[in-house]
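Take this structure, written in structure tokens, and hold onto it; I'll ask about it next.
Chain IDs A, B, C, D, E and F follow the sequence of writing; residue 1 opens each chain.
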Amino acid sequence: MENRCFYNSDGDFLIVPQKGNLLIYTEFGKMLVQPNEICVIQRGMRFSIDVFEETRGYILEVYGVHFELPDLGPIGANGLANPRDFLIPIAWYEDRQVPGGYTVINKYQGKLFAAKQDVSPFNVVAWHGNYTPYKYNLKNFMVINSVAFDHADPSIFTVLTAKSVRPGVAIADFVIFPPRWGVADKTFRPPYYHRNCMSEFMGLIRGHYEAKQGGFLPGGGSLHSTMTPHGPDADCFEKASKVKLAPERIADGTMAFMFESSLSLAVTKWGLKASRCLDENYHKCWEPLKSHFTPNSRNPAEPN
Amino acid sequence: MENRCFYNSDGDFLIVPQKGNLLIYTEFGKMLVQPNEICVIQRGMRFSIDVFEETRGYILEVYGVHFELPDLGPIGANGLANPRDFLIPIAWYEDRQVPGGYTVINKYQGKLFAAKQDVSPFNVVAWHGNYTPYKYNLKNFMVINSVAFDHADPSIFTVLTAKSVRPGVAIADFVIFPPRWGVADKTFRPPYYHRNCMSEFMGLIRGHYEAKQGGFLPGGGSLHSTMTPHGPDADCFEKASKVKLAPERIADGTMAFMFESSLSLAVTKWGLKASRCLDENYHKCWEPLKSHFTPNSRNPAEPN
Amino acid sequence: MENRCFYNSDGDFLIVPQKGNLLIYTEFGKMLVQPNEICVIQRGMRFSIDVFEETRGYILEVYGVHFELPDLGPIGANGLANPRDFLIPIAWYEDRQVPGGYTVINKYQGKLFAAKQDVSPFNVVAWHGNYTPYKYNLKNFMVINSVAFDHADPSIFTVLTAKSVRPGVAIADFVIFPPRWGVADKTFRPPYYHRNCMSEFMGLIRGHYEAKQGGFLPGGGSLHSTMTPHGPDADCFEKASKVKLAPERIADGTMAFMFESSLSLAVTKWGLKASRCLDENYHKCWEPLKSHFTPNSRNPAEPN
Amino acid sequence: MENRCFYNSDGDFLIVPQKGNLLIYTEFGKMLVQPNEICVIQRGMRFSIDVFEETRGYILEVYGVHFELPDLGPIGANGLANPRDFLIPIAWYEDRQVPGGYTVINKYQGKLFAAKQDVSPFNVVAWHGNYTPYKYNLKNFMVINSVAFDHADPSIFTVLTAKSVRPGVAIADFVIFPPRWGVADKTFRPPYYHRNCMSEFMGLIRGHYEAKQGGFLPGGGSLHSTMTPHGPDADCFEKASKVKLAPERIADGTMAFMFESSLSLAVTKWGLKASRCLDENYHKCWEPLKSHFTPNSRNPAEPN
Amino acid sequence: MENRCFYNSDGDFLIVPQKGNLLIYTEFGKMLVQPNEICVIQRGMRFSIDVFEETRGYILEVYGVHFELPDLGPIGANGLANPRDFLIPIAWYEDRQVPGGYTVINKYQGKLFAAKQDVSPFNVVAWHGNYTPYKYNLKNFMVINSVAFDHADPSIFTVLTAKSVRPGVAIADFVIFPPRWGVADKTFRPPYYHRNCMSEFMGLIRGHYEAKQGGFLPGGGSLHSTMTPHGPDADCFEKASKVKLAPERIADGTMAFMFESSLSLAVTKWGLKASRCLDENYHKCWEPLKSHFTPNSRNPAEPN
Amino acid sequence: MENRCFYNSDGDFLIVPQKGNLLIYTEFGKMLVQPNEICVIQRGMRFSIDVFEETRGYILEVYGVHFELPDLGPIGANGLANPRDFLIPIAWYEDRQVPGGYTVINKYQGKLFAAKQDVSPFNVVAWHGNYTPYKYNLKNFMVINSVAFDHADPSIFTVLTAKSVRPGVAIADFVIFPPRWGVADKTFRPPYYHRNCMSEFMGLIRGHYEAKQGGFLPGGGSLHSTMTPHGPDADCFEKASKVKLAPERIADGTMAFMFESSLSLAVTKWGLKASRCLDENYHKCWEPLKSHFTPNSRNPAEPN
């Protein structure tokens, strides 16, 4: 393990590895976090990450609030992400002298500071409490959705939420689109066309996202800012409008996710210009769309 | 229409017709309520019901609180029973003199009182406001449930709730078990065995309830009081434990429901003795059960 | 002062003297309470009352809750009953030995108990805190009502409220109908015809209540139980429907009040039978009423 | 109708036309909004406005929150602005091709963006829901105020409020000073002198504002920032202090309003310099004031 | 283990053994509960208790609510009873056939019912969740109190609380008076004389209660109903008023406790008559008291 | 008194004099505030301060919120800073003409504005209400802490709090470390080593702060920003780890305090550079620390 560690005085990190395993050392112990798992490391915790190959992923940082499970409402006592599936580290420590050589890097008010010390900070022999880092395997998500007709809002896929103090408004939600059965009858099954009061940043861990089969690749990202309409591409619309509906598997082998926020997201200059990966033609995926009536629409008043 | 009407000073009625149509006259107008529909008539509203054949059903009365839609939580802005599907009467009136002959019957503190008047009380020419009777067709319920594995709590089938002031505790919930797709893999799909902190009164409007195929007939009822364990009968257990799981329709042609309350329910003497319909052997449906491990159980940590 | 005092272990008393002054001794000091004033004596406080002539009034007892000022909502920081107009006693004591002769009477669970002691209980030399008896002069009530058109709900006359834990529902409200200006144009100005989700017990301290000029006398009472319709008598209706509307004084020289409760009130046998004061013909005040359209109704969409 | 429309991704608009009618096209239908009416168009809604003459007015924009009716508190179930008087559009659409020529302008993070499309966005054939633009005619405001003595806070004139998450603190209130009766005895009837924890921006739709008869003209505005004292001008003070009090009409033919905010308002350079309409002598309206006791003050303890 | 078990459908039990150890079998596993420990067994859980000698104690039953730790307020994140010191059973089971011979006794609506079954109900091989019985050793209570002057309310000794829905009002509190340091200067250190809005039932597990050295024995109980004044006996008063104050140990070797409830407690006939243990002279402990000024009173404004 | 006064439109001041008395004139009257007292002057209040010698202290300004007493939780009805010990001014005024010469200085949006007027603003003859400045003598703080073992969080020393809208999170707390008894057994008694989610600014009014005996002088300050660990210096650690524990006085003659905020504090350039008082070696107070086990640690499971 390197002689460097990090802690964030500003906020909490939700880390979504997309490629490569992360071996995370923390004061609480070690966690191996693999793609299709996520982990959260909160304010003030010192940590260090070992990687083993080309490695990449997504990070969401929230300020002044911690992630928590959504209140389940009528879903009841269990469902979606269950508390028992969140794993925390077991105490691990090293009694290692690094005279003058251990560097602790701190992010405070958006700037980085460094200090040197003589010992490894991972010297916590035992601990108790519930302010700990944790990880979660997305395959444990107990998926709930329509089993008759119509389309549930994507909030039903919420894994974790960082609540604002205004009820119903999140600083950030972490939402996934996991493998599941699609069975809604008399329904256009893909995500509907909509405007959102929240910003939607989508990423893809693996597979093919159902509403954008082309162009949106694992490791990529899309950003739909507040109140600008969007939805499935024209191909998806055509197919989903005409297909004969029967139970089918959706998203097998795929894991797309969304960072959704009531705040606006700024894009870095690098993201817009230097990355050379910007999809200049993204908006064209909707151009072939024509207004017309969708046969797969609901009219539940008809005889069953 | 008869020269008699009724109003309840004590509480609100939720009426579940099981056989025969109800033509309900209220001060707000008329409603035709048929089996598979429900209606609510609140405190103080004068009403009169015409029936046309042998007619029966269920009534749930709540005190000091009105029915409302459950908060949807992560389900989002739409789902379960949608507000737009609740129908209210259009103003209708009659200008009818009934000298000394119109009887208004009032239920107050559990007793009935009668008064005579000269005119029909259904003389409201127009009205506005939102304290009105309403009806709802259960086929409009947008059913949500597990689409991957595991079993959602029956609270996910809540149509209406009469909340107590203790968050999460209902005076009464009206819950249905509507036609839907069952797709959960690695799961024992019928209702699980449980004890409940609430009283469960079940009724059946039509069809066959999935967890008790025999004995529980349309128009019947069952009561499982708080904390006494119950669940599917032995037959249901055997079949559901061994069946190869695939998407299947559940409860087509059936509508069972539950009045669920955090309070205890008293049974009338007539219900226990005089009705001659008591099922003395009900508990025997569980006797053939033997403890054993259910193959259709979840182990989501196995490879998908 | 007598060698007897009283305390109530069950609840708080709101006392409304109607005739005769009350000189109330409490452990906190003395209060002279006269008609058109009210006072509140809470659980556990020992008190004794001297009267000087024929004396009568009304008492409202509430359990498990104290009276408080209503939240003013858009009325703002001041209005209705202002906190500064509630008066509390100044410490007063007597150092009086009454060997074996001072009787303390206690109401506990609706029963009376007595104990003897050697000293006067009014021996508190000084005190501080805010759990004190208080009095309020009803003439200080800052009356608010419609100054354009339409009719405000009588809740706008609330002096004190004893809240239940269900928001918007009171165990008991103390409401008055004080002298004020009536200026609403295009409006039927007396109390409107209504059914109430609460029980209404009305009393009259002095003068003539605007909606029932005859029969309802100072010291009398009327009870309209939940959900039974009522309103002004036929005379009042006739006059108020036809009068040309101009600013006028209402209730000068009059003080009617209401104990309003979300619970049902029981009437004692004495009240119903033995009092010989029951008004057997009360309901006849409404018999001359005929349905017809009231000219003094609002149509604000017409040009002003 | 022009080939341009607009939507605001940042917040909601409350529009107060002062001169000229507005014909507003929205995706929900059309609204004609005239002076003395207001309308609200929320985030994300595309709209376009036709005007017919010299037209002006006021706009208030709020972020992260919607306008709602104030909780009425003791005012009860009805009063102030009643829900039934808010009008929403009926669905209207045009099936109009504008090849490459329809411009959609978006305000996002305070900047304007434009996009072209081939069709009119006003192509919504039908809709349901409650996230809709609306209008309200200020003459429907049911005015409530003192009908005995003293002065209610101006919060009692609140039409709409955009609440912060701190109870009792509004991001913005829309308050009006409508035609009404003034009847308070023993009271200085104009607005009292005060400092405010909120910013007060006042405007005048028509007539003469009671506390500033001169200088404050329809279409004008005044801004009193937090905690700086203000009140009626010297003339108003003199008259209102000496006048013999009787019921009188206030503000007939006048409609002044206030945008009140717990935040501080910035004034544009144009507003301060370039407009040539700044009233440099505004503060002089108070200079003639001398401290003295007001005869029309309250002493309700005196005999009535 | 006997062939009988019990479950309570009505409420939760808090058990305070005073003499003799309890070996409690539950569906969740076994707990050995000894004097100076408490345990809670909730609604619906089947349990059976083995005792080994003369055994006695106290039981508090609450309905419709569970015990929880009090909100700590300014005490912060830790203190009083810490969550980590509550112990729950580890799964334990027996695979025991008892053909027709195992009796399950149920308390439902205050009555006892019995049913027979063929197997031991303690056949739960494993479980997860947080609805479990638990025990707590009172010596782990982190005692907080005045460390300068004055006397904290006994609420600061709250171990567990069963909250009503009215904030600040408990159905029942479990409060202890544990061994601790007494250091308050200028203070009368024993419990002060008071009236309580709650009922106080006190018990004694071992030792001598500081405010009643004689007569109140381990295994005994005292009940002070609402609003009747009480406090230390005359001896305690004399001593504590005159003693020179220095740090001293309080209650070493003693554990008194209080069941405190906002409801009134009824005493059984047996408790009042048949037990032959009633202390007829209890009230005499206060008779020697004379009013006088206590030297050990606070005047913090004097120089320290 | 000078012909200048000040008011703050932005927020409230909490003033902590450290040296020299403050004679504060306000519109509400005069307050003499001496070291070991604090005072609060809220938004909008005009005030002027006379000093008599070299004078210094600390000021905390909060925006959009007022200071209040913390909710006491299980501490009960009294304790910590008691309401009765907060003192407010008695009305005082001067009728003083200062033609063209009285300057009112206003802080608005962080900038200063000045206006001239002819009279003294301290001309308020009488007032009523509860929006007033106040002062509090810190010696009246009723200190509460551990009286058995373990260490209470410093929140238990909170005098005043300015709450954010997120429960449990303060914009700012004012916390003191007053003279008191230290009696916790089996405990390391000084402040423990910790990281804080809040910023800690400490000051010293007089004496020697227990955890930093050297270097931290009266009138000085220390700032520990969020999530950077800190605690007692090495000397303090050594002594407190080895000392035989007995009741002892802590902080006699000392008054340290903390401004604690969930926000980050910026330090002025003057504070960092120009003051020539920066302690460049502060971090060295921890360098001698070695990891080792503390004998004075808790193991409450051992026999008492």
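The working rule: a contact is a pair of C-beta atoms (placed from the backbone, for glycine too) under 8 Å apart; a residue touches a chain by one contact, two chains touch by 3 or more.
What you are looking at is a predicted structure, and each value in this text was computed from that prediction instead of being measured.
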item	value
Neighbouring chains shared between chain B and chain F, ordered by label	A, E
Pair joined by the larger number of C-beta contacts - B-C, C-D	C-D
E-F, C-D or A-F - pair sharing over half of the A-D contact pairs	A-F
Where chain B and chain D are represented by their mean Cα positions, the distance between them in whole Å	47
Averaged-CA centre spacing for the pair chain B and chain A, given as whole angstrom	39
Centroid spacing, where centroids are CA-atom means, of chain A and chain C in whole angstrom	60
Contacts with two or more other chains, residues of chain D listed in rising order	165
Chains grouped in pairs wherever the two touch, ordered by label	A-B, A-D, A-F, B-C, B-E, C-D, C-E, D-F, E-F
Residue numbers on chain B that touch chain E, as the complex places them	165-166, 169, 195, 197, 225-228, 262, 264, 291
List of chain C residues in touch with chain D within their complex	70-80, 137, 139-150, 152-156, 158, 178-183, 247, 252, 300-301, 304
List of chain C residues in touch with chain E within their complex	7-9, 43-44, 64-65, 106, 108-109, 119, 123, 165
